[in-house]
Amino acid sequence: MDFQLSDDQLAIQDAVAKFFQEEWNSDIRRDALDDGPVKISDEIWQQIVEMGWIGIAVSEEHGGSGLELLTAAMLAEEGGQVLFPSKLCTAFTTAFALDQCQSGDTAALLTDHMTGQQFVSLAVDEANGTFGPENNATAATLAGDGGTISGEKILVPDAECADCFLVAVRLNDSGALVKVAADAPGLTITAMQRIDGQSISSLQLADVPFSSDDILGGTDDADQVLLRTYEFWTTLISADLLGVTTKALEMTNEYAKVRQQFNKPIGSFQAVSHRLADVKVAEEVGRSLLYGACLALQENPDQCFPQVSAAKAWLSDAAAEATEAALQLHGGIGYTWELDVHLLLRQARSHAVYLGDAAYHRKRIGNFITG
Amino acid sequence: MDFQLSDDQLAIQDAVAKFFQEEWNSDIRRDALDDGPVKISDEIWQQIVEMGWIGIAVSEEHGGSGLELLTAAMLAEEGGQVLFPSKLCTAFTTAFALDQCQSGDTAALLTDHMTGQQFVSLAVDEANGTFGPENNATAATLAGDGGTISGEKILVPDAECADCFLVAVRLNDSGALVKVAADAPGLTITAMQRIDGQSISSLQLADVPFSSDDILGGTDDADQVLLRTYEFWTTLISADLLGVTTKALEMTNEYAKVRQQFNKPIGSFQAVSHRLADVKVAEEVGRSLLYGACLALQENPDQCFPQVSAAKAWLSDAAAEATEAALQLHGGIGYTWELDVHLLLRQARSHAVYLGDAAYHRKRIGNFITG
Amino acid sequence: MDLKFSEQDEAYRKKLLDWLASSGELISRTMQGTDDSGERNPMQAMRDWQKHLYEAGYVGMSWPKIYGGYEASLTEQVIANEELARAKIPPSLNTVGLTIVAPTMIQHGSEEQKQKYLKRILRAEDIWCQGFSEPGAGSDLASLKTNAVLDGDNFVVNGQKVWTSAGHIADMCVLLVRTNRDAPKREGITYLLADMKSEGITIRPLRNAGGGSHFNEVFFDDVKIPKENMVGELHGGWAIARSTLDNERSGLSGVVALEANFKRLLQLTESASIGGEPAIEDAHTRDQLAQYWIEIEGLKYLGYRTLSEQLKGQKPGSQASVGKLFASKLRQAMAKNALEIVGPYAALTKKSPHVMDRGRWVAGYFDSLGYGIGGGTSEIMHNVIAERVLELPRSVED
Amino acid sequence: MDLKFSEQDEAYRKKLLDWLASSGELISRTMQGTDDSGERNPMQAMRDWQKHLYEAGYVGMSWPKIYGGYEASLTEQVIANEELARAKIPPSLNTVGLTIVAPTMIQHGSEEQKQKYLKRILRAEDIWCQGFSEPGAGSDLASLKTNAVLDGDNFVVNGQKVWTSAGHIADMCVLLVRTNRDAPKREGITYLLADMKSEGITIRPLRNAGGGSHFNEVFFDDVKIPKENMVGELHGGWAIARSTLDNERSGLSGVVALEANFKRLLQLTESASIGGEPAIEDAHTRDQLAQYWIEIEGLKYLGYRTLSEQLKGQKPGSQASVGKLFASKLRQAMAKNALEIVGPYAALTKKSPHVMDRGRWVAGYFDSLGYGIGGGTSEIMHNVIAERVLELPRSVED
């Protein structure tokens, strides 16, 4: 047994941190709050593609690096720390979905996605006031070699730069993922606006046509692929939340050491230091749960939901607590636009309710426990 | 408008506090934990009777002092502070119930109760796993001038010293309070044991006979009398919980000023002082809610339940918090038998689940709000 | 103990409500921000509104008549406070002037200062801002560094203030400055009144976490302030400022605001759904709503207790700190709970498709976070309760 | 990253389970507290049991072979730890000896001390207690006052210790005493080994809040302790004690205990009702159960991370404090939640009619309150995390 990052993983982590440090600046996130969704420059994205990040956890047979899912989560966490947009999580997630599918077309699409030829996003959530792919009601009808999709998807990530979407639909009473091109007839993309300035859209689908080749991996185990994909995506967003938690704690901890009031660093007052200790506990527990979720996904992908929900529920709360503590303990300066505290808070709050909030995930666990 | 204790009330409060200080000692409560339920000596009880406490809030037309219900609650609070048994609350409650009833027999019983000739207790709760008089299922059947009662009542206070009980029953599809003598045939009294060592029993009623004269105030508004009585009782127990809260805070506050660790009084550490500040806030809010409940009971007795539930819900939580904080902040010594901290904690926990716990009372308020 | 109002009180209430009903036109003009000629001029509209309010007797109610006040009874103040808050009239432009500057001046100012400024505050002829906090002096206000040197008939002031609400629209500023660097920190502070149009004052708006700009930084560069603008004694400013900080409001207007929040939250639970069911049927949500109802009720009765003490002529204790700490926690809890109820849509801005209630809930959340910082952080409120109410030894050194 | 055990590990587990199955008779005798002749003698039964456990290789697993240990691999320790906790075998009499005295002695003791005491600890021939805390020295342990003066070949000890678990049954005691009153408080402390049968020792049981008597006060009145019973240097006791305090267990046995608690709580929700409905259908209860499940899962993985670091030869960090603080909060939360579920019957003692589960829930609640105090209060755990993990400046002076 071994429940730690391997030396290889630690080396990758260092390299990723270094890349972000050199190439990314959180001011881009601040500016995006006024000027529309945040964009990763083509140059940075190209580097990411070239470093092979997108396929890092894709199986070797499909052209990826075949590393543990944990490695992708680790990258998502590093991204969260520096407020890198979660387009990275989107890219990992669609790569994962495509990797799970058997048909020849998806292999080509996966290659395009990993090599930056096409960017594939995915559309799952609907405006029914609740979470989870189970409540998916967007209907696809199939007649012969093709069919149409009608419905609305919301909270679709990175639609601006997507060439196509994997759309979760109901098809013959079972779930399916169908590929829809961004310029498909009948598809309207409307920008939504999220408090963290990240790209998020709604897709209106009005009799959008598709061919049977566009159905990922047949319809046989599509429900399972969809669910696994959702679990993986949720885990990546949890990793991002862990990064936000870590960064909020680190910023506040540093500030508490240098900020003087009453002739002492404020970190010497227990009102400050004990609250930070609680955040530290939340972070350590959160990291442990994230590792547990990654391991469950890797080894037991069709029964991993309790561990995934545990990580998402805990980290949704932990990131909110850590960023609110950061704001409060920074005092007035923490409440200003200039400091990154509110950027972290915005991302924490956005991701806390993305792909299921804490209450939703605790409900899943409640159902699991009580059988 | 005036939302303060009057000068008269303040004078009564002082006198009561002085009486308790001279006559009562919390060691009696500690000893009772080993030796069966706590008993108030006949001498002390006689003094209480002679001072006219029992009828303090009973209407003047029925021989009481006709003071505000708040005055009785104030006495209950003083009792809570010194860990005086809640027999006082029982006595106030049955006096209140009898005061509300019109029939001649109850007037005589009330006089006996106020003058110490008879002690009247009351039996409401049943072993159905929930709270409140609404769930009362003990059936009385009436045939001509008499009838019988069968069922079980639990958590009946002060049965050891009771001459008779007001038993809440279902009679002709409505609630009623029926007087049952302690030595009635078919009545078995079994001692229950509560962690605070107070007298609490179950009554098994097997075809216990009663005459129609034993039905309090006719059957017309019996449901209302019963409910009002329960609200008043609940308010008194809330007052007792406020007393426990106040005392726990006071003890701990004093200790925090004198106990030295790391060359300072521990009250100068924010881990201690801020927690005590939170308890102070809880106490002030609790006192305010108690006053609100007393006023609602007094002025609007049939619609007072939201205010009564607010006080009970809040003070159940506040007393638990205050006494747990007391135990924790006293450290090891707070966890010993010798200190009164655990006596306060035991009373807080006992009364927190007596007459409805916080969750039950919040449910009542939830129903009120969403109407 | 009773909460009944006398017939006379009720007559007073009726008069107020009649007056409010007859003021509809001015209220809507103020809300629209137009002056009496219909031109857009929000500042003038607000000034006009406050003057109207003052002339009707609802500003300066507790002040001495000789300075333009009304010496109204406290019960009248309670009624006015509740009814005005309930009526959602335009907010006052001049909070600092009315709640901080005027009480200080009445207690510590010279007769000339009182005559010169008080009536202008009442009529909103002067809008005031507060120059207390500095980048290095927040919770530890007494460590402030903005420097003033007496040179002839003027103080010459250099330094920087921050978190100055309304700084960009204010006519005047109450200012704490250091006049003696060698004395212990609380003994070298002086209380000044600065004209915001003085040469050498630069105002820079500060954007807050929610994106709004209510605060400012104010820079002082050799600003001359006449000697007669000193309140109290030289180096005696700390005690004056401290008495002002203690002079907090009863908080009943805060209760009315919380009641309005609660009502909106209840409406939200009727329109939103949790897990496919109406939120109002969700057991956890019902439990939370009940808890907020309890806490608002508690805060209201706490306010009544404080007021009753004042009615009997007792000085309000530190119950104001209890109320502030409790109210800011409650406000934050309600704001967070609203986000839980809004669920998937909780992170959308007001401009987004699918946003609920035009983004009110996210905006309210950001606002709620500010309540634990502004006007004394929750940590400082804990200290105040521990030290002044519980009389525990200080946890911070002076 | 994996949590798989090797075939060899699984063989080890099987051997252990077989041994456990074959030990049933001794286990039940120990639970009943009878010796091998069937006479009631709980102490002897416990000693016999520990010796049996030791001889099978499950005590002293990590210790060097030369002192009677087994030098087992950490994976084997994990397996033994989990399986023994899961099997609910009798608790060890000699926790202090095994987890505090022995590691200290192995690190700091003389060769004679090691030879004399270590094997006797393993076989429960000597039961040890701990004489550290004093009435005036709790969280601030270094301010202890029990005095020792070197007189010829003996220390002469006077003073009082408190919270001494097992003091009334112990053969030996590890003792911190002050040997230099003039030095800074951490530099005048010496670490001694005391025979509890020495003349001048008086033991008084202390009853706890729940009514049990696990602690004692121990009074020392001119007690002679031979010079060779000093561990380490004269005045060098603080560093030794500190290293012992840091040497906390990985906490995985705590996780197994919490899992058992959780299982019982889940069973309770199946039998109890809330508001007339089965508790397990109550939304709030389900939410709480889910939260506890999450937290236990988190604590378990945290334990795995710590163990993995140890496997790689890294010294465990201060994660032990994180685990202790978190586990004691969780234990308290679960205990309080159980009282909520038991509802009207929550305050009944085990002897009362209508009590649920023979009073387990109230007893568990009292126990849970002790977890935030014993072995370092939660306040001290917060300090430790702040100072050692976050490297914040100290909030208390030495």
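All chains are identified by letter, namely A, B, C and D, in their written order; residue positions are counted from 1 within each chain.
One rule holds in what follows: contacts are C-beta pairs under 8 Å (C-beta built on N, C-alpha and C of every residue); 3 or more make two chains touch, one makes a residue touch a chain.
Not measured: the values here are computed from a predicted model.
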{"item": "Between C-D and B-C, the pair with more C-beta contacts", "value": "B-C"}
{"item": "Most distant chain from chain D by Cα centroid", "value": "C"}
{"item": "Inter-chain centre distance, chain B versus chain D - centres from mean C-alpha coordinates, in Å", "value": "41"}
{"item": "Approximate Å spacing (C-alpha centroids) for the pair chain A, chain B", "value": "54"}
{"item": "Between chain D and chain C, distance of the C-alpha-averaged centres to the nearest whole Å", "value": "53"}
{"item": "Junction residues of chain B, two or more chains touched", "value": "264, 269-272, 274, 359, 363"}
{"item": "Set of chain D residues in contact with two or more other chains", "value": "284, 287, 379, 382, 395"}
{"item": "In the complex, chain C residues that touch chain B", "value": "1-5, 9, 75, 78, 266, 280, 286-287, 289-291, 293-295, 297-302, 304-305, 307-309, 311-312, 319, 322, 325-326, 379, 381-383, 385-387, 389-395"}
{"item": "Contact set on chain B toward chain A in their complex", "value": "269-271, 274"}
{"item": "Footprint of chain D on chain C - complex, ascending", "value": "282-284, 287"}
{"item": "Interfacial residue positions of chain B with respect to chain C in the complex", "value": "1-6, 68, 70, 253, 256-257, 264-265, 267-270, 272-274, 276-278, 280-281, 284-289, 291-292, 294-295, 299, 306-307, 310, 313-314, 359, 362-363, 365-366, 369-370"}
{"item": "Touch list for chain C against partner chain A, complex", "value": "133, 135-136, 138-140, 143, 162-163, 206-211, 272-276, 284, 336, 339-340, 342-349, 351-354, 362, 365, 369-370, 372-374, 377-379, 382, 395-398"}
